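Okay, got some structures for you below.
You will see chain A twice below: alongside chain B first, and alongside chain C after that.
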Partner chain A sequence: MSVKYIPVQWNQNKWIYDAVMLIGVVAFLYIFLFVTPDILSHDYRINPQVHNARAFGACAFLMLTVILCIGPLARIDKRFLPLLYNRRHFGVMTTFVALSHASYIINWYFAFARSDKYEALLFANTSYTQIAGFPFEVFGVFALTTLLILAATSHDFWLKFLTPPVWKRLHSLIYVAYVAIVAHVSLGILQDQQNHVFSFIFMAGALLVAGLHAYAAWWQWRGGDSRGTVRDGWLTVGNIGEIEDGLAKIKVLPNGDRVAVFNQAGKLSAISNACAHQNGPLGEGRILDCLVTCPWHGFQYNVTDGRSPAPFTEMVPTFNLRLRGADIEVHTDPNPPGTYVEPVPLPQLQPVETLA
Partner chain B sequence: MSDKNTPFFVGYLPSPGPLRWFLMTTIGLFIATFVSAGLFIGATQDAPMPSGFRFDYGPQTVTGVIELTPYPILRVTQGNELIQEGKTLMLAGQGKNGIDQRVMEADGQLRSITGIVLQRGTIDMLQVDGRARGVVDVEGTAPPMETVPLGRWSLAGEICDGKCLYGAMRPGTGLAHRACAALCLIGDVPPVFVSSQPIEGSDFMLITGPDGTVLPRAAYDFIGQFVSLEGDLERRGDVMILRIDPQTMELTAG
Partner chain C sequence: MDQAEIILMIVRIWGVIGAVVALGFLTFGIDQVDEDAQDAYVFRPLIVPGILLIWPIVIWRWFVLATGRDHWPNRYHTRRRNHHWVGMLMPIAIIVILATGWSVRQTWPAHIAPVQLSAPQEPTQ
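Up next is the complex of A and B:
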């Protein structure tokens, strides 16, 4: 995790993930580039440069659509969480595909002129005040620039350097980029087609992304983590029988942060719900081998002090707990990250199951 | 809150059994999506217009009278097997360039031109060879050439660059190609108008500004879109020339 930075920490699941992704992308491009020209069998063929540009553009769009569907899917059904696991590699690959699209275009439509092709990108069409004939390429330039920045800062080094909140905010620019691509295509090729199969697939993709996000937001709002009632700085979490061994209950603190109260072998401990890695929801994770394991990328923490086991150095804040009758209560002020808190034993010890 | 029965995935551990089936199905769907999208999008691309370079003919050399409209055309007086006497050719340079500089002094004079044919239907353009043999002075006096005025016309169609319309690029028209067409026109490639209705047997014509000027900048905002405009039409051999009235250009619904 964080002992030292190596480019990628490979493991078997990452290999499978990347292999599947690569097979999908290569299949798409191979079919589009080498199979469909013969199916089309136009008397006068589309220039290969344009055909290639379209293949890579459509592929990048499809990849980004899939990437943006993974988040809400994982919120709606936890079984999709593994798709989140290595999404960054997917993003980096999309950037390369989009870059190929742009370079085919620039080396064709913007080349062969007296002027520099990159300058031409900016001055060839300046009808910024009209919708029809708007220089839709600028949306592509914006999206590509964003993708390049995100790909360059995708490594955990940048996550640490920028701090997770800043990194997260930077990387949510992906949504702005996606909207820009929708504009890029809507004002460009969609205005220009006789055959509407691409238009249909394109709109279905964009609507799916929007629809899934709306649905996941509603889903979370309906079944989301509840706010507890607070009295004298103590927040009621729930009843003593409520938390299963190895799992947690999440509550929203008055300041909007979340606390996760875990039951480990009949003893309660509370830590911040936000993983030190990328704010993953620790309370939706499990205790494996006595360690809280984040559902997103598997970072682990000792539940009593919020520290990752050596040699790792991540820490999350802990919280003080108490029982009041049958109620579990947590103090609303977090302890500094890594502070040990004595676990609170549950009154009747429940039958102990271990996951090991 | 999650419950114990949902399988829990940890990236660096092998996935639990039931989850493995779920993931296999997801992987299958993922690959099927990419395969079918590649096939459907790729196999439904519009056919470009029938036009293109004729490198297969090899370089052609013909002699004729240069006329500056101001975009140069060649009215062939001494043809060859492929390009007969009496034909009119639009002329362009290599890349996104016209050949204005090379024939500036040649209005109404004889020149021998060598280049590659660009063909669209029965009307041709020559991409003039970039070397000295592309444009060669010819001794002799040029015969007078006829220009037939056809009056004022109101037309609907698309403004684009002649070279790409002749198939130097396929597709060579439309909005996706708009910036490219603008670069060609900035480079003095002859602009053309593709009319939605054939006029006097041809669906496209060379366009210029009023009174023998180049295409006005105002027209660039209309490239690649469906526009209506008015202008004075004339015929020179088998090429028609429309001197547009910039005030009359407006977007129309296709």
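Up next is the complex of A and C:
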């Protein structure tokens, strides 16, 4: 959470996350370069520069594969949410690894080009009309450019400046970039690979990402948040006994947005389900000390006024609530972010035996 | 001028315009549109690469915010449904590309003996 922007926000958890990530990258490169050159075998004798290029390229692919597995895993199983916490640092580090790969390639293969080496990269192979021998470099250039854009716009400033929905759309380019990388490898190094250890690892990684995203989309579609019925601008959320203390029920509004209705110690409050930071699902968080914590990055809000605790300045819209018999109803029009709404007390429920 | 030179020239022009936009935005625009950025200067160099790359979007957002056209409910319009498309299209694309890449691989039979097509150029060959 931010009051004033600082270059990079770190806390103990982020230090640990980054340290594990850095150790993983160094370990991968060390193993690739020094421990298992025979296992990952290169079919022809290669020099150290090409070996380095392959090591960094393989590392970037593996990092991106892990990054793209985190999202669907966190949707399917909440135990993976901590991996989501600092994924942006992961992405920035991946960009540097991919840049190292590109740098080794360009400075080796185009070192003695008669023209500018970047020009040489663009016109070295122009067989765009055939699949075998297709200029796979263009996929790499596209993916690297995308990674650069995403890394360069990863600071929290960009989230606030562009708004979370625009930022998310921009960063959805990562999926296109991953497909481009799969094409870059499939039509590039895979064409010449006779030892299938590398081919198997690559294909398993790509298929894992494909399978997890397909499964997560199906899982979300099957068990997604439901729409309520609307009458005179009020949407039925559910029954008064449905929401557990400290938790919320999420409903989809007619315009497609989501509202989260919380039960805080027997009193109901409703706020937007979209966190002001990255539009994370606030309704999947739990209330602790009167504040709901976003499960994605830990941003906190008071559910009665949608405001982050001072000195933080983030705010989300609130909604008016009412009870109609045993039904909880929420007004479909949001109040401006930070508007206080008096919580609605739940009637004391009779124990089941007495009702019987 | 060939096509590669034209592409690189467009990239350079894009970068120069981005640098001009970065200079203007980071010296006075950012304070105008984001109160959290006021009196915060150390983070600003980190913003420069982003402006160089996506300066048209920066100009658009700068205009929207500076002229009061920002519509606050838009900030909370989540796009979670978009993942359905990712979940459908990305796996198809990956499988098609893997199959295509695998099908055009050229493998040489291992049992064919090498054939010298031309005479050695040097005595050592």
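As a convention for this text, the second predicted complex is superposed on the first by the 339 of 356 C-alpha atoms of A that agree within 3 Å, B and C clash if a C-alpha of one lies under 4 Å from a C-alpha of the other, contacts with A are read in each partner's own complex, and residues count from 1 in each chain.
The rule is simple: a contact is a pair of C-beta atoms (placed from the backbone, for glycine too) under 8 Å apart; a residue touches a chain by one contact, two chains touch by 3 or more.
Bear in mind that the values here come from a model prediction, so they are computed numbers and not experimental data.
J.: Just chain B (first), just chain C (second), both, or neither: which does A:A132 touch?
T.: both
J.: Counting only touches as set out at the top, which of chain B and chain C does A:A248 meet: first, second, both, neither?
T.: Once the two structures are laid over each other on A, A:A248 reaches chain B alone.
J.: Between chain B (first) and chain C (second), which does A:F142 come into contact with in this model arrangement: first, second, both, or neither?
T.: neither
J.: Answer with first, second, both or neither: which of chain B and chain C does A:F312 touch in the superposed model?
T.: After superposition on chain A, A:F312 lies in contact with neither partner.
J.: Quick check on the superposed pair: does A:Q191 touch chain B, chain C, both, or neither? Answer first, second, both or neither.
T.: Once the two structures are laid over each other on A, A:Q191 reaches both partners.
J.: Classify the contacts of A:E119 with the two partner chains as first (chain B alone), second (chain C alone), both, or neither.
T.: A:E119 contacts chain C only, not chain B.
J.: Considering only the touch criterion stated at the top, classify A:I46 as touching first (chain B), second (chain C), both, or neither.
T.: Only chain B; A:I46 stays clear of chain C.
J.: Looking at the overlay, what does A:N279 touch: chain B (first), chain C (second), both, or neither?
T.: Second partner only, chain C.
J.: For A:R54 in the superposed arrangement: first (chain B), second (chain C), both or neither?
T.: The answer is first: A:R54 touches chain B but not chain C.
J.: Take the contacts of chain A with chain B and those with chain C, and give the residues found in both.
T.: Common to the two interfaces on chain A: residues 115, 120, 132, 191, 194.
J.: Where on chain A is chain C touching in the complex?
T.: Against chain C, chain A makes touches at 2-8, 115-116, 118-120, 122-123, 131-132, 148-149, 151-153, 155, 157-158, 160-166, 168-170, 172, 175, 178-179, 182-183, 185-187, 190-191, 194, 203, 206-207, 209-211, 213-218, 220-221, 256-258, 272-274, 276, 279, 313, 316-317, 334, 336-337.
J.: List the residues on chain A that touch chain B in their complex, please.
T.: So the residues of chain A touching chain B come out as 11-14, 20, 23-25, 27-33, 35-37, 39-40, 42-47, 50-51, 54-55, 58-59, 62, 66, 78-83, 85-86, 108-110, 112-115, 120-121, 124-125, 127, 130, 132-133, 135-137, 188-189, 191-195, 197-198, 201, 244, 246-250, 283-286, 288, 293, 295, 297-298.
J.: Residues of chain B touching chain A in their complex?
T.: 1-4, 6-15, 19, 22-23, 26-27, 30-31, 33-35, 37-52, 94-97, 167, 169-171, 174-180, 182-184, 186-187, 220-225, 251
J.: Hey, which residues of chain C end up touching chain A in the complex?
T.: Against chain A, chain C makes touches at 2-5, 7-8, 33-34, 36-37, 39-40, 42-43, 46-47, 49-50, 52-54, 57-58, 61, 65, 70, 72-84, 86-88, 90-91, 93-95, 97-98, 100-102, 104-107.
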